[in-house]
């Protein structure tokens, strides 16, 4: 099972600032291991964020997003909003974490 | 100072010897003594891994001398430094084919690479010169270190005389021949670079066509 | 139902999984643009995004450093005064040009920051789609060699 | 350094600086690098390690199925806050000076029954060392903002400092490098990376205070043990054994020199 995400969300003047750190190797398919064999691509390909059950952000990643991906976005919301963050990777592994806007 | 720099390396070298000779007279401090406890710690703290054997922490005279900066910078140390420089000068061989200048393009690649000789390398991993780690060389490379002096316009400033050739050859082969505790590795002494590679590095600095001299 | 099943089969296994797991709605999965992520040039990606030739616009800001100390992590942000519904980051000299794209529902600010890998010094493009029209900003980011190199 | 070489160095450096304006050129690049660092500072992936480290600290493990919550890191059993700011330190129960990692190995051994050898032999970032990395991230995060306050009052601490100092200047290997080759003078860089001068308080605080750190170049969280290990690799030395005295002695030398500086861990490094 994958490691949890770190989700920080703070509200100011009606705007919620969301920062997400995900634990993922984001293998690009360009790297070689010690024996010279190409390490196959394996990366988070899509991410969805819902606030109070409604989509606020969708991202699609290619292999060029950095290891342990970081995302920062903002939406119109309020303190106490319940965020649900989902991602899925190219092997079908997935992860869901929740956070409350402070 | 600027003029001194621009004239010739020989003059620099003479200043050098002059200072060294002055320093020989007084002899107060001595090199730090062997400390059995320290040696025991070093012996017990490392293990061989890949090509990096434990013999790598057996010091030669130069390394031992330079591991004691207090003594090395003392007056007595200055006399010893001359001795160390002589030992190192004696190891330098001039190019077997009499050629000092090779191909600056290969030289640039060698100067860029900082690889080789670690325990994650193999005996056949090409060893780089790692020159940009410490020197500015071709101005186009903005990622350069400053532990050593800039080498931009190296030949353009010094000229391409045999004197400059020999000095530079020697300095790349074994920098400790001129400065006992130079931070620069002894590339020929430890067989880090071969003769061809050193000729190519020479070209980077001393081929009038090299981008360094534009 | 039948129609939906057929649609699912068309997607890569991954997105089928995503959809069947209920993580991402079928509508979104349909939008996932495999061709765009496999594009090897700016034109490939522009075409796949339906952005034939985006205009450079001062309304789009690409927030990124001039020099990256390491190509493995290059911070890149896009913001705009336009009412953005979609954004994308493209790296001209990467093996695959499109790094990431984002979909912003109404109520989400036209702002995003992420981190990308760059194999070498390259132009980086920030694309913004607003009112069905694509605009962009471009900036060269220098990727430097660092450390001892060993 | 011998006066001769000092003179040569001064001649070369100053004349080159004047003649070619090297300083100004490098400054622009340095400013750009500073901007880059500022941009990535927000969102340090060390946090991901810290999260799992906290879990591991509080989760029963090992043959004794015990947590680490009673581990004495120097400020008493179970005290995590500020513990990293006083290490390395002499511990009576083991009768030796220990750094964070070697002390954690003692706790894992004594409290949980996990033998240290398996941790020492593991590859970095794998197996029990992966857990160790996370636990270290958790501990050091709880010293962030604390003043570095390392003691050399105990004779064994004093001795460790002296040995660390000697090890710092010890040259060896085919490159003739010591720690001091790169970290013994101020204002120096390798490529575009600033090299803290560990022989000064300011420089030592910049080094010691920012490690352990997440390295963006490798995408890994590195403990100080791993940082030192890779320094020795680049020095072309043989392999320093995990938790060995030379690593603790060097840590003691750095930490003591850094006294009064601020712990900023976990850092975020190139």
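Side notes on the structure shown:
Letters A, B, C and D name the chains as they come in the text, with residue numbers starting at 1 for each one.
Keep in mind that, in the parts below, a contact is a pair of C-beta atoms (placed from the backbone, for glycine too) under 8 Å apart; a residue touches a chain by one contact, two chains touch by 3 or more.
Small disclaimer: the values here were computed from a predicted structure and weren't measured.
Minimum number of contact steps separating subunit A from subunit D: 1. Remark: among chain pairs B-C and B-D, B-D carries the greater number of C-beta contacts. Averaging Cα coordinates per chain places subunit A and subunit B 49 Å apart. Chain centres here are Cα averages; for subunit B and subunit D they lie 29 Å apart.
Averaged C-alpha coordinates give centres for subunit C and subunit D that are 37 Å from one another.
Looking at subunit B, one finds that residues 117-118, 132-133, 142-143 touch two or more other chains. Shown for subunit D are the residues in touch with two or more other chains, namely 29, 190-192, 216, 219, 233-234. Annotation for subunit A: residues touching 2 or more other chains are 66-67, 70, 72. Under the contact rule defined at the top, the touching pairs of chains are A-C, A-D, B-C, B-D, C-D.
In the complex of the two chains, the subunit A residues touching subunit D come out as 3-6, 19, 21, 23, 25, 66-68, 70, 72. Residues of subunit C touching subunit D in their complex: 63-70, 72-73, 75, 115, 142, 144-150.
Interface residues of subunit D facing subunit B in the complex, by the touch rule stated above, are 1-9, 11-16, 18-20, 22, 25-26, 29, 159, 163, 166-167, 169-178, 180-182, 184-185, 187-192, 195, 232-234, 236-241, 244-247, 249.
Chain contact summary for the complex, subunit C toward subunit A: residues 13-15, 17-18, 21, 23-24, 28-29, 31-33, 37, 72-74, 77, 91, 94-96, 98-105, 107-109, 111-119. Against subunit C, the residues of subunit B that register as touching in their complex are 112-118, 121, 128, 130, 132-133, 142-143.
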